[in-house]
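Look for chain A in each of the two complexes below; its partner is chain B in the first and chain C in the second.
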Partner chain A sequence: MPKNNKEIIKKIELLGKQILKEIKSGENPFLDIPIRSLSNVYYNPKTKMIELGLSKSKRYFFNVAHIRKFVQTIEAAATVTELLKVDKHLSLRQVFYAMRRTIKGTNIDVVDEQTESNQAIEDLELLTGFAREELHINAKKSGAAAGKIVIKDRGDIIDLSKMGSGGWAIPSNTEDVEFKKVDAKFVLYMEKDAMWERLNEDKFWEKNNCVIIASQGQATRGIRRLLRRLSDEYKLPILVLTDFDPWGFYIFSVLKYGSIALANFSNKLAITNAKFLGMRAEDIKKYGLERQIIKFKDVDKKRLEQIKNYEWFKENKEWQKQFKRMKDMKGKVELDALVTRGISFVSEKYLPEKIKNKDWIE
Partner chain B sequence: MPKNNKEIIKKIELLGKQILKEIKSGENPFLDIPIRSLSNVYYNPKTKMIELGLSKSKRYFFNVAHIRKFVQTIEAAATVTELLKVDKHLSLRQVFYAMRRTIKGTNIDVVDEQTESNQAIEDLELLTGFAREELHINAKKSGAAAGKIVIKDRGDIIDLSKMGSGGWAIPSNTEDVEFKKVDAKFVLYMEKDAMWERLNEDKFWEKNNCVIIASQGQATRGIRRLLRRLSDEYKLPILVLTDFDPWGFYIFSVLKYGSIALANFSNKLAITNAKFLGMRAEDIKKYGLERQIIKFKDVDKKRLEQIKNYEWFKENKEWQKQFKRMKDMKGKVELDALVTRGISFVSEKYLPEKIKNKDWIE
Partner chain C sequence: MADKKFDDIAEELGSQMKAVSVAEFFKKNKHLLGFDSPIKAMLMVVKEAVDNSLDATEEYGHNYYKKNKKWYFPEIYVDIKKEEYGLVIIPKGDDRPLADIIKTGKKWELMHFGKKLRASKVDGNRKTYNVDGTKVEVIEEGLKKPKVYVENERADIKERTLKYRVTIRDNGPGIIEKNIPNVFGKLLYGSKFHRLRQSRGQQGIGISSVVLYAQQTTGIPAKIISKTEKGKAVQMEITIADNNEPIVQNKEYVNFSLEHGTEISVVIEADYISSGEKSVYEFLRRTSIVNPHATIIFSDPNKKKYVFKRTATFLPPEPKEIKPHPYGLEFGKLKDMLLVTSSRNIRSFLMNDLSRVSGAIADSILSKLDIDPSTKPKELTRREIEKLLRALQKAPLKRPPTDCLSPIGKDALKKSITEDTKAEFVAVVSRKPAVYKGIPFLVEAAIAYGGEIKNTGTAQRLRYANKIPLVYDAAGCAITKAIQETSWKQYKVENVASNGLPSGPYIIIVHIASVWVPYTSEGKSAIAGYPAIIKEMKLALQECGRKLKGYLSAKYREKRSAQRRSLFEIYVPELAYSLSKITDVKEKEIIDGLKKVLNKGKADSEVDKDAKE
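On to the complex of A and B.
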């Protein structure tokens, strides 16, 4: 069993011992769980992250309204302990099944719906301070990476510069990935696989000494942890490439500031020095993309208004400028529109020019 | 330029020359395009594939109702020729932008919506007989592979048994992937990444001498071509693993028989000897999963009725038995439910047992 697993088990067992002690001494055992609702989430301008406040709520064993959730959290702790002991991982869905035990002598299952096991896992994360990846529970798997970096993963040495047209598939859980050799000078993260394939075919990462990473839409937790670790451990700038639209901006927002849903783990997921490389308002004129503007639908307009008012964007003049330009334009522009300038325009001209000029938003 | 590219360009140029000849001789040039509507799609019990019939329709240049589509098809041909000449690939979305040219002296764009460029590409596929991958147009990228196989791709030698926890990310276009060493005895395709991660962590492919491949939901065209080629070139059995529900059955159906939407390329995509390994009705009792049945919603019921009546399933007694059992059960069972029997039950017991007993549906 890896050392890290042992430490986590120790912490979970401490929690269990405390409860046992309370039972033995005739007390009403309780779990003291940080509140995850919006009222307890705030933006911290000092750390530049969305964080969880200090409010907690007590969940009692001898309380009809609490007992089901209490038992589910304990069951989650038991399941996680087993996973750590055998050093294996399960997905959220699989953990739901692993926890779906029928309580002896009854017809009651510990969990009926996955929402219940998910919440129990979140409780356990908050109680122990460990992220679900550390508890051996995997989130979504998506995305690929290629570039000037060699990793070690489950005993295999993997050179990401020798991955053909596909790249290395990024696992849902990247906690145990070791970096063996990092020649890259920066990381380029993009929201679309098709753009990744364009840059990979052009060997952009070879010509520009970098790593390219993409998933589809929002970055998975596995990718966010990989980016964060490359930022922390190797001080690599993380440059982000999305469409010029509110949804693309929000992908960047989550990467840099964290999200409300995962406010408890911003300290492990947020990449506070991520840089937004493009597409930005100025590029549209500069690269002659005016004809490629796609008119806003109501849903886009509404989303733009929401994002504009996010606390972390409010004081940022550069971002407010982008929002205003987008509002005036009444439309969005996709990165793929650069193809109108030439098949490899994005990798031969657009990106090298922007990177050289540090033409990004912090 | 690769030899294959040259041949395709030659075929496209022949098409162009014919049209030029017709113009010069004062005729009304036309394209003779196979009809893709449902009326021209049928199941061929001899080939065991869903195929396109012989009906065609003529599209004329001097015809107000035809000209826009005529020009779009020609523009698609020009774009593809350029891609082949520079030996680069674009996605469907990127091709839309590449074709979005404003016609000189007018304010008219060749294409306004991606549906137009998509249709033009399909026309070109049908006119030339080449699949879009051969025309250097990429579809969706998704999925990962690991196992006892060594490939060569864009000059890189990639050993799929040394890919750590992530696997090799499968590109959208697998036409140029070379198989260098195939030690695998079969391929296991599954619909969910989380199951793939379970099997990969258990090194199922090492213990059982195989390759494991997954995407999320329906297999991408890239994966279908990869499976098909391993079936054709190495006679590897392709075993399919999905949930016991109508949607899982349909994933298998598309892999084996092809689909209505891509009936024109069943001959390149359908894997006629694919085998459905599970989850099947009999497994539910055998492995004690009765409590894991998830009640059908109306949409599931309706889908089951549709699938039951597909021509290729109608005469198949084994499939009809599955449909009947599912209808009686009024519910579905997920593969992940095997976790209730143990974390690695699926890789240590369920799969080895089924494979040994050839417990599958053809």
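On to the complex of A and C.
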């Protein structure tokens, strides 16, 4: 059993012992769970991260409103202990089935829906301070990587410059991935698979000595952890490429400052020196993409207003300029629109130019 | 003091008796007396007779107790029989009835405009008649409805309004022979009209109106049998002459099944319904609830017998007669009293004929008004009477005495309601006497909940005045108003309709006892809404409500706690199972520990703290 596993099992056991102690002293047993709602999440300007506050709520076993969740949390802990002991991994869906059983003499199940087991796992993360991946629970894997880097994953040496057209599929847990050789000078992360395909076909990573990583939409925890480790361990600049729209901006925001939902793990996931490379308002004029502007819908407008007022963007003049331009434009532009300037325009002109000029926003 | 309307009737009766026949008067005022529909007429006949029986028997019971130190309880027997089974012949293709068929004994007879027809031909069970030139054949089939052919075509036959014989018998003191004709055969006769004492009947019009109703609808005289302890049982048939004098026929001495008591038997045209608020059954049931000291036996037209058993072991206190209190006097009443009084002078009239007027007060009033205290009461002028009334009503008088009232009593009422409704919870409140317009009154209220009470939507409301159920005019009644104005939600009643009436398995009972119940009309079916009366009713209902709340809260609490406990018990082994896996402590040990916590009651104490998530 890996050393880390033992440590987690010990921590969970302590949690159980604490409950037993309460029962023994005749008290209504309870769990002290940090509150995960917006009210307990704040932006810490010192660490430049979204962090979880100190508020906790007591979850009692003998309480009509709590009892079910209480049992689910402890059952999740039992399931994880078992996983760690045999050093196996399960997906969120599989954990749901592992926890599911019918209570004797009733037609009540311990968990009815996956959302319940998912929440129990999140609670367990908060109670133990270990992330889901460390508890051997995987989400769906997502995303691909290629570039000048060699890694070791579950004992296999993998050279990311020899991954063909598909690239290395990034697992949901990247904690135990070892970096064997890192030649890359920076990492380029993009929100679109299609863009990654384009750059991979053009061997952009070889010409520019970097690693390219993509996932569809928000970066998974596995990707975020991988990026963070490359930033921490090899001081590689992390450059981010998204559409010019509020949703793209938010993908960058999560990467750099952390997210509300995972505020408790910002210290492991936030990449505080991530840089926003594009697409930016200035690019549209510079590369003549005005005709490619897609008109805003109401949801886009609303989202822009929200993002504009996020604390971490509020004081940032550069970002406020982007928001204002976007608002004036009343529309968005997709990365794919660059193709209107030529099939490999992005890899041959747009990106090299921007990187050379350090044309990014912090 | 009496309601305006009633004074009018009394006066009309007095002054016009000579000019207008009693029959005519009755026809004109049928609605006021409560005989305005066939269903209501049936109920009125039963009600008036039962009222009288209860009053008489109770009075006897109290005298009996004084003499023998033993209780004597009313037993009232009500019997309703179909007297005439009538059919109407309706020829095919016509909607007008051609003739009636009446069953007398075992024979069917054809009637046309009130006259019996003779068959022109009899052939076995087939009889042929000539009805105004129309050939009618009647084929009798024993007791079944006969078949009828009109001009050789089968005719429809419909049941006609039936005549019923209604008999009410009590084990009361009986009436001495010479008084019987006046009691039953003279409107406004009786001792009740000018006295102030709580009794069921209070106008002396009730039972004679029953006799008159029978006389008007069927022409059959009322049959009375009465026997006093010492006298012989006498039977007579009574009708009322147009000059309001009784006509007695067929008087004879008979055998009577009781040692003493009275029986009245009338044949009336009316409708009998077997169930519902306006049925005789329901009326008697309700009567028995508030008269737990009486046994009522009812035999319905289908000869089914119902017995409403006595549940009390003593009679309610005897109501005492009181004199009118000046605050409730009206000009006409005072004038009448001055005319008939036996007091020799005005000073002694004030002191003896009215309640709560002392010698000192009488003297000060008379001297202020400059009336000689030795003036004969008859000699006061109209102006003086007016001034006297005003001065009396401003004088600082004590409230009238209240021992004239006879409540049912909290315990007796509770026992009776519980017996009748088989409710799981009964709250009863008997208020202290209060006064409206110088007239003492008292309110009793009860709420029965759950048990065998069915949830039929809006709660059942049982209204009573002087221990008699009120059936009609619920909407215009002070009791209904008081129920609606009570905020039931406050008392944990879950469903309350928008009109303020509670909904669910509830029965609400309100009883008002008074020497003079202010009815809204002569039909005596609704209480007038004097603020003092509504206030007392509401206070009584609120007190019941508070008791109900206590019960319901405890009930809900128990239910919730049981639910919670069973929920906890389900999850205890589950937690133990999971917890055992992460701590290697045995499941049983954990279960025992958790059960200890649960039994210590710790479980509930912290439940609502930090319930947010």
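Please note the rule applied: the second predicted complex is superposed on the first by the 358 of 362 C-alpha atoms of A that agree within 3 Å, B and C clash if a C-alpha of one lies under 4 Å from a C-alpha of the other, contacts with A are read in each partner's own complex, and residues count from 1 in each chain.
The working rule: contacts are C-beta pairs under 8 Å (C-beta built on N, C-alpha and C of every residue); 3 or more make two chains touch, one makes a residue touch a chain.
Nothing here was measured: the structure is a model prediction, and the numbers come from that model.
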Is A:163 contacted by the first partner chain B, the second partner chain C, both or neither?
first
Of the two partner chains, chain B (first) and chain C (second), which one does A:60 touch, if any: first, second, both, or neither?
second
Classify the contacts of A:90 with the two partner chains as first (chain B alone), second (chain C alone), both, or neither.
first
Which of chain B and chain C A:343 touches, first, second, both or neither
first
Between chain B (first) and chain C (second), which, if any, makes contact with A:82: first, second, both or neither?
both
Please work out whether A:103 is in contact with chain B alone, chain C alone, both, or neither, and reply first, second, both or neither.
second
Counting only touches as set out at the top, which of chain B and chain C does A:357 meet: first, second, both, neither?
neither
Comparing the two partners chain B and chain C, which touches a greater set of residues in chain A:
B
Using the touch definition from the top, say if A:28 reaches chain B (first), chain C (second), both or neither.
second
Could you look at A:70 and tell me whether it touches chain B, chain C, both or neither (first, second, both, neither)?
second
What is the shared patch of chain A, the residues that chain B and chain C both contact?
82
Across the complex, what residues on chain A touch chain C?
12-13, 15-17, 19-20, 23-24, 26-29, 57-71, 74-75, 77-78, 81-82, 103-106, 108, 110
Would you mind writing out the residues of chain C in touch with chain A in their complex?
564, 567-568, 570-571, 573-575, 577-579, 581-583, 585, 590, 593-594, 596-598, 600, 602-607, 609-613
Where on chain B does chain A make contact in their complex?
82-83, 86, 88-91, 93-98, 100, 102, 109, 138, 140-144, 151-158, 162-173, 176-177, 193-194, 196-198, 201-202, 216, 291-292, 334, 336-340, 343-344
